[in-house]
Amino acid sequence: MIIQALTLTLRLAIMVSAILLVIGIPLAYWLAFSRRRWKFLVEAIVSLPIVLPPTVLGFYVLVAVGPFTPLGRWYQALTGHSLAFTFEGLVLGSVLYSLPFAVQPMATSFAAIDGKLLDASALLGASRWRTFWRIVLPLGLPGVLTGLVLSFAHTLGEFGVVLMIGGNIPGATQTVSILIYDQVQALDYATANRTALILLLLCFTMLAILYGLRRHGGRNLWEWR
Amino acid sequence: MIIQALTLTLRLAIMVSAILLVIGIPLAYWLAFSRRRWKFLVEAIVSLPIVLPPTVLGFYVLVAVGPFTPLGRWYQALTGHSLAFTFEGLVLGSVLYSLPFAVQPMATSFAAIDGKLLDASALLGASRWRTFWRIVLPLGLPGVLTGLVLSFAHTLGEFGVVLMIGGNIPGATQTVSILIYDQVQALDYATANRTALILLLLCFTMLAILYGLRRHGGRNLWEWR
Amino acid sequence: TQDITVAAASDLNYALKDLAARFEKKTGGKVTLSFGSSGNLYSQIQGGAPYDLFFSADVAYPQKLAVAGLVESSSLRTYAIGHLVLWVPNGSSLDPQRLEMNLLLQPSVQHIAIANPQHAPYGRAAMAALEHFGLKDKVASKLVFGENISQAAQFVQSGNAQAGLIALSLAVSPAMKDSGRYWELPADSYPELQQGVAVLSASKHKPAAKAFLDYVLSAEGATVLEQYGFRVPPGK
Amino acid sequence: MSDAATSPPGEQLTVRVQKRFRGESDSQFTLEVQLAVAGGFTILFGASGAGKSTLLDCIAGLQTPDEGTIAIGETILFDSQSRVNLPPSRRSVAYLLQSLALFPHMTVEQNVQYGLASLNKADRDARSGDVLESFRISSLVQRRPNEISAGERQRVALARALVTLPRVLLLDEPLTALDAVTKARILDDLRAWNRRHRIPILYVTHDREEVFALGESAIVLEEGRIVAQGSPHEVLQRPQSETVAQLAGFENIFDCSMTGSHPEYGTMTCRIAGSTLDLEVPLVRVNVSLPLRVGIRAGDILLASSKPQGLSARNVVDGTITSLEQRDMKVIAVVTCGPAFEVHLTLGARESLQLKPGARVWLVVKTYSCHVLQ
Amino acid sequence: MSDAATSPPGEQLTVRVQKRFRGESDSQFTLEVQLAVAGGFTILFGASGAGKSTLLDCIAGLQTPDEGTIAIGETILFDSQSRVNLPPSRRSVAYLLQSLALFPHMTVEQNVQYGLASLNKADRDARSGDVLESFRISSLVQRRPNEISAGERQRVALARALVTLPRVLLLDEPLTALDAVTKARILDDLRAWNRRHRIPILYVTHDREEVFALGESAIVLEEGRIVAQGSPHEVLQRPQSETVAQLAGFENIFDCSMTGSHPEYGTMTCRIAGSTLDLEVPLVRVNVSLPLRVGIRAGDILLASSKPQGLSARNVVDGTITSLEQRDMKVIAVVTCGPAFEVHLTLGARESLQLKPGARVWLVVKTYSCHVLQ
């Protein structure tokens, strides 16, 4: 059961991190470099999901994707099933809830890049796209990494949204967090401790490897200062 | 009731943010500049609280501060009351749970500061302390701000830890998040929506003012690039 | 035989696991259990959750679902009646059997844990009992509220609350049985805690769901439930 | 860098811009220039803060002028009227920024090849290899910018700008951090490059040697305005403004008033203010009511230890050496004859004339060594 | 900056360091020097990449030497043996970094006053006001570094280093971005500052003018090693190594072999390889089996249009002008007489001698203008 939950959780966290990379980086880029007047409104909105209690956010998402809204009906018509209580639903909810943790550190890092380097890149004929890939992304990597670690860890730990949207179905939507939560709820502390310990050790190992890599081997990537 | 909960929540969030400033900034400074071999282990540990489900983290904290542990007994002897079900307990739990969200962006920003500037400061006879206040902190301000916004918002929204440690006592430990949660659980959606809306509007206004300030007036502080 | 998914209130954790295991052994059908607070489960069923059977901690939720047509009204049953106990941890010097509800007035009792009366059935029962004994106002400032009855139990069990009004099913559970003492409140001191069950209208495995429901309601099921601290409604 | 055939003259860069920085109450700076730059080196000369970098920034598109037009040949890069404003990446302008702006996370080689994305690897390597070789930095290709010296960084940045094939090249003090030998070598490379490409090159420098080594034409900027333009010799030898004069190295500048004019000889006489000393200077069309200034280079003044006879020089004045100081291979003498003149001599001259402080000497100044400024 | 009384000589900076950069396989750089710097300006001269900045970094404490000792007077800043390593903030060393490193979030004034935290506001303002005034940047005090020009930034950084009262001053190419006039003015300020403080000043420059304007002594670095040391004149006029010779500006360097020696006159004769031309040069103790080189500055060679008579100069050679080119105020002639000589002349000399390509001329080279290198 814990293996199943762990696999599911990792799949979820990796999926969510991947999606947050794909949507978070462009969003962070926009936040860092746009000169629109109303940018600050978007900045504020991006941070909003996390001020709601996760269960409540999950509840609203559940309602939004339910059969009584156009969105829900449209998705149902498209895929033949509802978003709720599926893995995709979990992904949606987690992405929404971890978005600020991913986007904000990335945007901060991007904005801190020396403007002269972006100028130099443009002067060498590089498109925005190339400048992004070759200059902004590598130099903003520490921020991207921070965003990823925070949202990855947060996805592992979050259970309010996941519980609400996923419905705690073992093998399908029961993540390790929910499992531990269940075990604590069942007052089965011994098992809960064991599960929590496994989760903590796993994450600790992953993080330690990541940070250790950054420090030692990964110099090429982000320790060029 | 909502006024009471709002006041309490804001007090909590401000208190937690303040404490995170005080302990997060030195920790971030250490993470950014220390050359200890085992730094990466600390980095990994700092991120660990968030991989646990909040309720479970709350439960562990509850056990830790309970009368059956030395820590709990020591605190009880010192203050005459237990940490559980008090405002201070909430603060402790929230600080623990929001720590990574505060520390990581700060550390990233600090580490990105051009080393030559720190050299220049030292060469002008500035102590580490002065260098920190006059160079590291102002130049790392975007990261500090990001860390603060994330942990502030997260404290507003978090309810698992708070519920567990606080015991949901109206006026004492019942935050807006818990209130909304209770209202949703009681199937009182209309009230829940209203409360959520108030919370969202309040936070949106605060964030918009903050980001707007940074953009327009606050140039002196952090838009010197 | 088909596999079914059962949504159940948290206080059924031990009882249902036992029942499901016995049922699986007997019939070979697989029962997947998904526990949660009844309120959450209710919201989820409204959202179209793919459960076959819903064991609630009260009857109000399944009744509301029946009105909405989300569960089959014909399958709606009361499968068990919950009991409230006054529980103190082993370390406590207070004796619930002797002091009964007056225990709550002892100065050493600073916090009393109950489930949230706004949405948890056991919370509502606890409040009613406090009112019944005329203690409601006297202890109001000592109350702390768990999200559900399990959290209320954790408050006392960890020693942070010195006493709690919790479900008998938890008090006799393996986790708590040896860590505290309890006194069972008289049944007339609070409204009967009827726990309702129903088959979901959207279930794709209704025969199997009904089979499991029948098993729970059978004499054998009743024995198991009793064993875990529930009483089975009379006339069944 | 082997093909030395001179390309035909290419397109011309035309600029007319106005750009104002609004200082915080106290100071304010306005750039207001109009210029056309043909193929080859045009030296941009001017005091620190004269607006040279700002002008280049506007051409490259890093700053937006308040008003004006910028075009390369027929291609309009910027036009405030028709609201054209090409981004820097589409201007085909290579620009060596004063701050270099090397990419800190890339190796020297990656930096230099950054602008060559459209070529295949072999061509890229060939192109960058040549430049790196001739700039003597090919041993550094695998290093990062923070692992090389300042002069090496400057050469990398120059190489990075040159390997692309731009339509206009802007170089903002590209050789300041280099020693004489390395600089001479790179100046040769730049001349060769220019012979092959003949694109407009705007070259900012404070170094008179570079001006004369490279300059086919020169522009002098003073407080955001062009005050002189022409060949380096024209600009620096016939300075019309005091800034240019100082830039051109006039150690002696005197306030004068006109005392007579001899149009038939093309000369006039001026009296140095506060003295009775008359100088014969070239005749120029001046407004007599305005004060005149005359600039004389210290190196253009001859000294003689006895009164010279039968010389073509018209200004011969006797005075006394009040100080004699050696600096570099140069002897700097100050001669007082009413006003004080600074005179630069060779070491040999000091020896052969046996000059000493206090000695009586004759100053010999040719008419055409006196430059009238206004 | 008014008090011009010369302070007594202060403490001495002594340095013995070894520092190696381990390059990625290809190249490797080792700094290995030992020097003592007394009060006053010591010029650090050397090609780009010679290790000048690395040496200053070690003294300031920004880089840690692998081995050695650094001390100011009696105070030990670094000692690898006793494991002393004072942090930069406690070394009392002011260091103008080549990269300037101005604080981007502070105004010019805040930058300059950063090192004056221990003074009260009035003193701070007075101290910084003086320097800013004399560096002509007092109108910029409220601007931030990104709002001023590169030369202005350089002056701010210099001011920031000078206002503190350090025990040692390190200046890494402090005046590169400045025009001649501003530079001359700041050189004056630096000289005045030096007269008042007399602390050891290590001054890196590539500019010979700065060397002679400031230098009381000079050190030449070549590939991390000191190859010459002494007064600027000693170092650059009697160069013992080819690098110094090139730095010192020997346009003419010839491979020679010794053909005779005249110890009684203090001279010897050398034949330029591949020719029959003999030069009389000063006698030096050389290893005859090694090839000799003789360097002659183009400016030290005289030209005569008819064979000169009764001159003290011993080397008189006739040749033909093969090219004649004007650069700046200088005429550069190439004269072939077997080997080719580069000769620098004034414009006046060209005129009076009526020099033309193809003309027959006599080269006159004094013995002591020939420098023997090995």
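Chains here go by letter, A, B, C, D and E, matching the order in which they are written, and residues are numbered from 1 within each.
One rule holds in what follows: a residue touches a chain if its C-beta (ideal position, glycine included) is under 8 Å from a C-beta of that chain, and two chains touch if they have at least 3 such contacts.
As the structure is a prediction and not an experimental result, all values here were calculated from the model.
The chains in contact with chain C as well as with chain D are A. The minimal number of chain-to-chain contact steps leading from chain B to chain D is 2. When you average the Cα atoms of each chain and compare centres, the chain farthest from chain E turns out to be C. Separating the centre of chain A from that of chain E, both taken as means of CA atoms, is a distance of 58 Å. Chain centres here are Cα means. That of chain C falls 90 Å from that of chain E. Taking the mean of the C-alpha atoms as each chain's centre, chain B and chain C sit 36 Å apart.
If each chain is reduced to the centroid of its CA atoms, chain D and chain E end up 22 Å from each other. Across the assembly, chain A contributes 55, 59, 114, 184, 225 as residues in contact with two or more other chains.
Residues of chain D found to touch two or more other chains are 99.
In chain C, the residues touching two or more other chains are 40, 43, 151, 154. Chains touching one another form the pairs A-B, A-C, A-D, B-C, B-E, D-E.
Across the interface of their complex, chain B is touched by residues 60-62, 87-90, 92-95, 97, 99, 101-105, 114-115, 117, 144, 146, 160, 164 of chain E. The residues of chain E lying in touch with chain D in their complex are 21, 23-24, 26-27, 46-49, 52-54, 98-99, 139-140, 142-143, 147-152, 155, 172-173, 176-183, 206, 208-209, 211-213, 246-247, 249, 297, 299-300, 302, 326-329, 346, 348, 366.
The part of chain B that touches chain C in the complex is made up of residues 55, 59, 62-63, 65-68, 72, 81-82, 84-85, 163-164, 167-169, 181-187. Put simply, chain A touches chain B in their complex at residues 39-41, 43-45, 47-48, 50-57, 59-60, 100-101, 104-105, 107-109, 111-112, 114-115, 142-143, 145-146, 149-150, 153-154, 156-160, 177-178, 180-181, 184, 192, 196, 199-200, 203-204, 207-208, 210-212, 214-215, 225. On the side of chain B, the complex with chain E involves touching residues 114, 116-117, 119-128, 130-131, 134-135, 138-139, 222, 224-225.
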